[in-house]
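Note that the chains are named A, B, C, D and E in the order they appear, and that numbering of residues resets to 1 at the start of each chain.
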Amino acid sequence: MHVDALIAPLLNGSAQGALLLLAALGLSLTFGQMGVINMAHGEFLMIGAFAAYLVQQVISASNLSIPVALPVAFVVAGLFGLLLEVTIIQWMYRRPLDTLLVTVGVGLILQQAALHIFPSQGVPVEKPGWLDGQLNILGYQWPLRQLFTIVLAAVCVAALAAWLKYSSFGRRIRATVHNRDLAETSGIPTRTVDRLTFFVGSGLAGVAGVAASLIGGTNSQMGAQYIIPAFLVVAAGGIGQLKGTILAGWAVGVALSFFAYWTTGSLAQVLAFILVIVFLQLRPQGLFTVRTRSLV
Amino acid sequence: MLELTDIEAGYGRTRVLHGVTVPSGKVVAVLGHNGAGKSTLLRLAIGLIKPSKGRVVLDGEDITSLAPNRRVARGMAYVPQGQQSFGQLTTLENLQLVADGRRGGKALIDAQMARFPALKQFAARKAGLLSGGQRQQLAIARALITEPKLLILDEPTEGIQPTIVAEIEQTIMQLAEEGINVLLVEQHIGFALEAAERYVVLSSGHVTQTGEGGKAATSTVRAAMAI
Amino acid sequence: MTGDSLVVTDLHVEFSGFVAVGGVSFDAHAGEVRFLIGPNGAGKTTCIDAITGLTKATGSARLGETELLGRQVHKIVRLGVGRTFQTASVFDELTVLQNLDIAAGRHRPAFSLLRARRGIDPSIERALEETGLTGELATPAGILSHGQKQWLEIAMLLVQDAKVLLLDEPVAGMSQDERTATGELLQRIAAKRIVLVVEHDMDFMRRFATRVTVLHQGKVLSQGTVAEVQADPKVQEVYLGTAGAATTAAMSVVPTVLDGPLASSPGVVAATLHGEED
Amino acid sequence: GCGARAGDEAAGSGTSAAPSCVDTSGNTIKLGFLNSLTGGMAISEKTVSNVLHMAADEINAGGGILGKKIAYIQEDGATDWPTFAEKTEKLLTQDCVAAIFGGWTSSSRKAVKPVVEKHNGLFFYPVQYEGLESSPNIYYTGATTNQQIIPAMDFLASKGVKKLFLAGSDYVFPRTANAIIKLYAAKLGIQIVGEEYVPLDKDDWTSQVAKIVAAKPDFIFNTINGSSNVGFIKAYYDAGLNAKTTPIISVSIAEEEAPAMGHEVTGHYASWNYFQSLKTPTNPKFIESWKAYPGSSGVTSDPMEAAYISLYLYKALVEAAGSFDVDAVNEAAKKNTITFDAPEGKVTLDGKNHHISKPGHIGQINSKNQFDIAWASDGFIKPDPYLEGYDWFPADIRKQLVDAAG
Amino acid sequence: MTKLKPWLSLSGIGVFAVLLLAVAPLMLTDHWLNNLGKYCCWAIAAVGIGLAWGRGGMLVMGQGVFFALGAYAMAMHLTLETAGDRIPGFMVLYDPLAPLPVFWEPFRSAGFTLLAIVVLPVVLAGVLGYALFKRRVKGAYFAILSQALAVALATLISSTIRETGGDTGLSDFKYFFGFVLNDPANKQLVFLIAATLLIVCLLAVWQLYRSRFGELLVATRDAEERVRFLGYDPANVKLVAFVVAALMASIAGAMFVPIVGIITPAEIGAAASILMIAGVALGGRASLFGPALGAMAVGWGQSSLGSTWPDGWTYILGLLFIVVILFLPNGLSSLPARFAAMRRSPERQTVPAVAAAELEEVRA
């Protein structure tokens, strides 16, 4: 076998994993930390991608527009998340499984709205010129854009980790989720914590959307293809475990890529899913686990 | 300091408290049988449930509709019934959580760890793995860290070993002497009344007796509660 | 009931390096109310967890000839070992009757599950009377008060027809007269079954314990009658404190009160006891 | 009660179709439009639906069909093939429409086919497809393989292509088209150096493009449908491929899709019958009407034009038959030479196989996302869905297919 | 939980049976009767979901998998019946020379097909459920896993176009166990079979709900670990409900095929599986009739609202999800009880205890 046959899937897979990780990162907050099963997360990703498109309409130089689009997408998707939290989710923290169903409804509406607002065949988002080109890795011409996805994911992960670790917020989020009443009576402004967490989690989906818009189409359907894999990544990593999410994202990406290399694109999807399902059967709590003694 | 006036409250359509009035006092003990509504009253005091009628007044200010965390910011602290702590956080994180943003937070934590040695020993352990009594100690420590003006305690010594019960009882007395107000639910009537300036006996959500605390009250209260 | 005893020998429980229970041995028989006490974190709950299969342990815990360790939770229950929890846990959405009916179910053949319930089992009726819950038959367990839930848990053990009842702080949060009633119930039950109680309420222990084992840091510190244990200076030091020691003298009066009817102003009895504590 | 059993074939399943309930007494005639307005294919089908409305408006403005105004009923296929079947049945038996227009994917057409056959209705299908099909109840106004795929292969051969890579979506059209391409490539001496499929609803082509890079083809034959094309194009450019070294020829990228790729696609090719850039007498008017039509996307494309044709073709058929009756219409198709002055030129209906003659065109994308005509067939290509005129297509397969179709 | 008198539910099923089996065939056109048949199929699957989710707390988001087993077993049989001795037409298209895939062969037999429709889901759900429940996979994990399974199966079918018909699915069936499908009389027969099966399923869960098993299931839902301490293995309790639900989904799928005349991966994938849940949520997950009626309502909404307002239907569906779950967590079937409760204004009210258990599950 040529080295290409190993290097190419490994590098491609890492980039694919990075995108999955980006999509999953926000979920690891809203799902992993807050316990909200947001099936509209994919649509927030779509919102991020459309935001990138709108930024490009204003700043036509794509060299500049993508760097500008990243924070814009973060804020726009974050605001949508905030809106969702304030209007719906806040009433449902005690019924997490039901958040799944409600947000399915929200996702449907957002998709249809996107179909109404934007041209049905989707909108173009252009890659900046500085991402043209490839890097020669052991003879394999590795697309720069893939490197960009990885760097972007790394930056987001680092920022999130730092935020959770060095600000008191990480503790507050976990405390709020674990026992809302107790947190509230411990002086934690749980509503602010909820909103901020949801804002950041959804905002990260927006950032993932910008990355996704450089890979595929920007249209009403784009979010749907990320939602289940992203949830699987969070679950496989161990709910609430950032390092688990990172590892799982990368592993699923690489597995997908190798499977696609050895079999077909369709079969790769199936195999990757089965892999995660079997893994979760073996380790139901994911890669990293927290156990408590609480019974019921 | 804290006055509850003519409170009606409950859960959903269930009414639990019927026109309950609790006077203010340095240490106020709330006594009563199982299910009398004691915990409900304390939850109402900290703001976890809102009364359908009546007023909650703190230092002359109506706080009836203030959220719990705002009440904490005004110097109230609450130890709920049942050894509650944040199970996914370590013991230390449980304490940091409330110490965050307070001046001398580190020293406050150390002080509580000195009071409850088990917390120091198991600082890095997830609170969910602690024993019941250890969790209860943690809950009390969390409340004390905030250096409250008003401490609300719901059966604080439940599940705690006798030596530490004594320690906690001493602490409560000491805090009261330092001028910190305490609203206390306690099944150890003897202690509760000794510490209390005033007491209230609840029965099925009605106040059946109130009075001055002190040892002398013990027998009258017991008589009242036995009925 | 058979004369089987619960014999725990050299029980060890370790949590990733931390020894929670380090070689505990004790036994319990029908006809006595066995108490397990000790400081917070001594390993009492962990012992019960180990016996009931919730936590992995080494050593041995036998019920008669049968080794309990290493079996699955529900299998241990089927051998007749029942327990309550430090925080009461009942099925909130089901009524008291439904709770009890499920608890009584382990003796029924699997297929009978597919039939609807007709009438009330006599065993359930008895348990309801014992615990004074008859009036709450149709009440959803979720809205019972704290103490009633604990009674319901005990009633569930009764209808389960458990040979061994492991009770983790059964009277926490109860008022004095409620404690007395519970204690008397336990004494009645203990005639034919093995009853092991974990409690921090020393008054309660003094009144109802026949034999006591004191745990400290995962080891047995002392063992014997209430008087013996209370007199043990090590126990006083780590657990009872001076307050506990001071009441030692008073305990001898307790057993005489026990035979009296519940209605004989339990509050007053407790008052005497408690008063001396201070 | 029990109805016919397998043995009672004599009674015939054809006669079991209830008599048509089409009401021709009034001064309107009901037609059904069936397009996916929701779901994944809405991306493509909304435009087709829109242009059908435009054609209906035009015909109504011109006096209607046989003097009756068209009253159309728009249904949503929802990108769900069973829904296509259900709506077809509803249009035929509840709304009693005289004919149905729409569909995009071959899967949707295959869902509609048994239903229109059962109820003896009419379905007009406007998109290029994989051929090897015919039905008395379906009229195909898009290209069959010998009007799009085969011209494309001829074009590649003429360019001296030796190594070809096939990239497609994972469903019936690309799979079948590629099967045919492989047969023809063998005959042309073109080597197929790889074949990759990705599900219709997946965008990420990274892994597959890496394989293309490794295979070093001269040309890529693209049978991807829908927005998956965008992912393909992006991965293609990411990998450093370009139109000079490894050009792409597509059969589903038209004027509407080209600007939505997020990368300029100048220099690549597409094989269609109609392009907006075609210089025909009727094209300017078509373009203009469309640009002025509410909800217009501003550009015209082949599937739109084929949809536009379908309605006019129906009008011509009905007027030739003098009736809306399906059997009469089919009869008229066989007896008369039905033509229409389409934007792609004057198309002629083949009354036997229900396809139309079409000009073959290869366009090359220019910087305005329009197509410069790079190759054109000699005149109109007669439709040959079963490739009977092509000796490289195995006769036994053809026979099996025809048999299976019944 | 409000407990209706048993005869009330039973007579409800009776009325429902009369409506479906006698009134509907007389009143409805062939088209709408056929549609009603389709809704019945969804209702059958929904009854199973109500059992597994409403009573058992398992949010089965991948019922499409079991729906697929029944549907494809049936579709393969009907395809072979239609093709006779020949290889099915679509297979010729992709690879004319290859023989019929081996796993198709047994489906020539009607008996085997019927058996497969029952046995396949039982075996798969049994194995799957055993593996998951013994490992204590639950809550959101279970929901996401089951959904992923449905997506995986749908993708697998899409990508094996020659073996399964791929994305296009299987369609164009001429016969149904010897009966000509195009004959309206036979179509009515198929409808009656589906409607009867729905009634049977309703009767089955009616008995399950009033049985001790029903109570045990609720107990397991609310406090799974606690059930262990009463001597039951909750995994087995859940397994029974899961398997029964799977069986119902399979039966639903099997009847869907002759009624609708086509089966595709889209009918079993994520969206379809969620739509099944939508009906159950709308009707009331824990009630007897709620799931079935909810599923029929969603089916009807899709057919009729989808026609009158094609691109608005999605908005309605989305809003339906939001409004019902947000304001009526126990579905429309809880409305009467709510009104009644409002009038009686009882002293006590059940606490929403599911919440706490669920919260724990998601985090567990």
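As a convention for this text, contacts are C-beta pairs under 8 Å (C-beta built on N, C-alpha and C of every residue); 3 or more make two chains touch, one makes a residue touch a chain.
Quick caveat: nothing in here was measured; it's all calculated off a predicted structure.
Student: Using the touch definition up top, find the fewest steps from chain B to chain C.
Tutor: So the least number of steps between the two chains is 1.
Student: Between chain D and chain E, which partner chains are common?
Tutor: Expected: A.
Student: Going by C-alpha centroids, which chain is farthest from chain E? Tell me that one.
Tutor: B
Student: Pick the pair with more C-beta contacts: A-D or A-B?
Tutor: Most contacts of the two pairs: A-D.
Student: In angstrom, rounded to a whole number, how far apart do the mean CA points of chain C and chain E lie?
Tutor: So the centre of chain C lies 46 Å away from the centre of chain E.
Student: Using mean C-alpha positions as chain centres, tell me how far chain B is from chain D in Å, no decimals.
Tutor: 75
Student: I'd like to verify one number: the distance from the centre of chain B to the centre of chain E, where each centre is the average of its C-alpha atoms, in whole angstrom.
Tutor: Going by mean C-alpha positions, chain B sits 51 Å from chain E.
Student: Mind pulling the residue numbers of chain E that touch at least two other chains?
Tutor: Touching at least two other chains: 155, 158-159, 223, 226, 311, 314, 348-349, 351, 354, 356, 363.
Student: Can you list the residues of chain D that touch 2 or more other chains?
Tutor: If we look for residues of chain D contacting two or more partner chains, we find 38, 170, 197, 199.
Student: Of all residues in chain C, which are in touch with two or more distinct other chains?
Tutor: Answer for chain C, listing residues that touch two or more other chains: 89, 143.
Student: Using the touch definition up top, name the residues of chain A that touch chain E in the complex.
Tutor: Spelled out, the residues of chain A in touch with chain E are 31, 35, 37, 88, 91-92, 94-98, 100-102, 104-109, 111-112, 115-116, 177-178, 224, 228, 231-232, 235, 239-240, 264, 266-267, 269-270, 273-274, 276-277, 280-282, 284, 294-296.
Student: Would you tell me which residues of chain A are touching chain B in their complex?
Tutor: 168, 171-172, 174-175, 178-179, 181-191, 240, 290-294
Student: Flag every residue of chain A that touches chain D in the complex, lowest number first.
Tutor: It comes out as residues 2, 4, 8-9, 12-13, 15-16, 112, 115, 119-127, 131-134, 141, 143-146, 212-222, 224-225, 256-257, 260-261, 264-266, 268-269.
Student: For chain E, which residues count as touching chain A in their complex?
Tutor: Touching chain A: residues 59, 61, 131-132, 135-137, 139-141, 143-145, 147-149, 151-152, 155-156, 158-159, 223, 225-226, 270, 274, 277-278, 281, 311, 314-315, 317-322, 325-326, 329, 352, 354-363 of chain E.
Student: In their shared complex, at which residues does chain D touch chain A?
Tutor: Touching chain A: residues 38-40, 42-44, 46-47, 170, 196-199, 201-208, 210-211, 213-214, 227-231, 234-235, 237-240, 256-257, 259-263, 297 of chain D.
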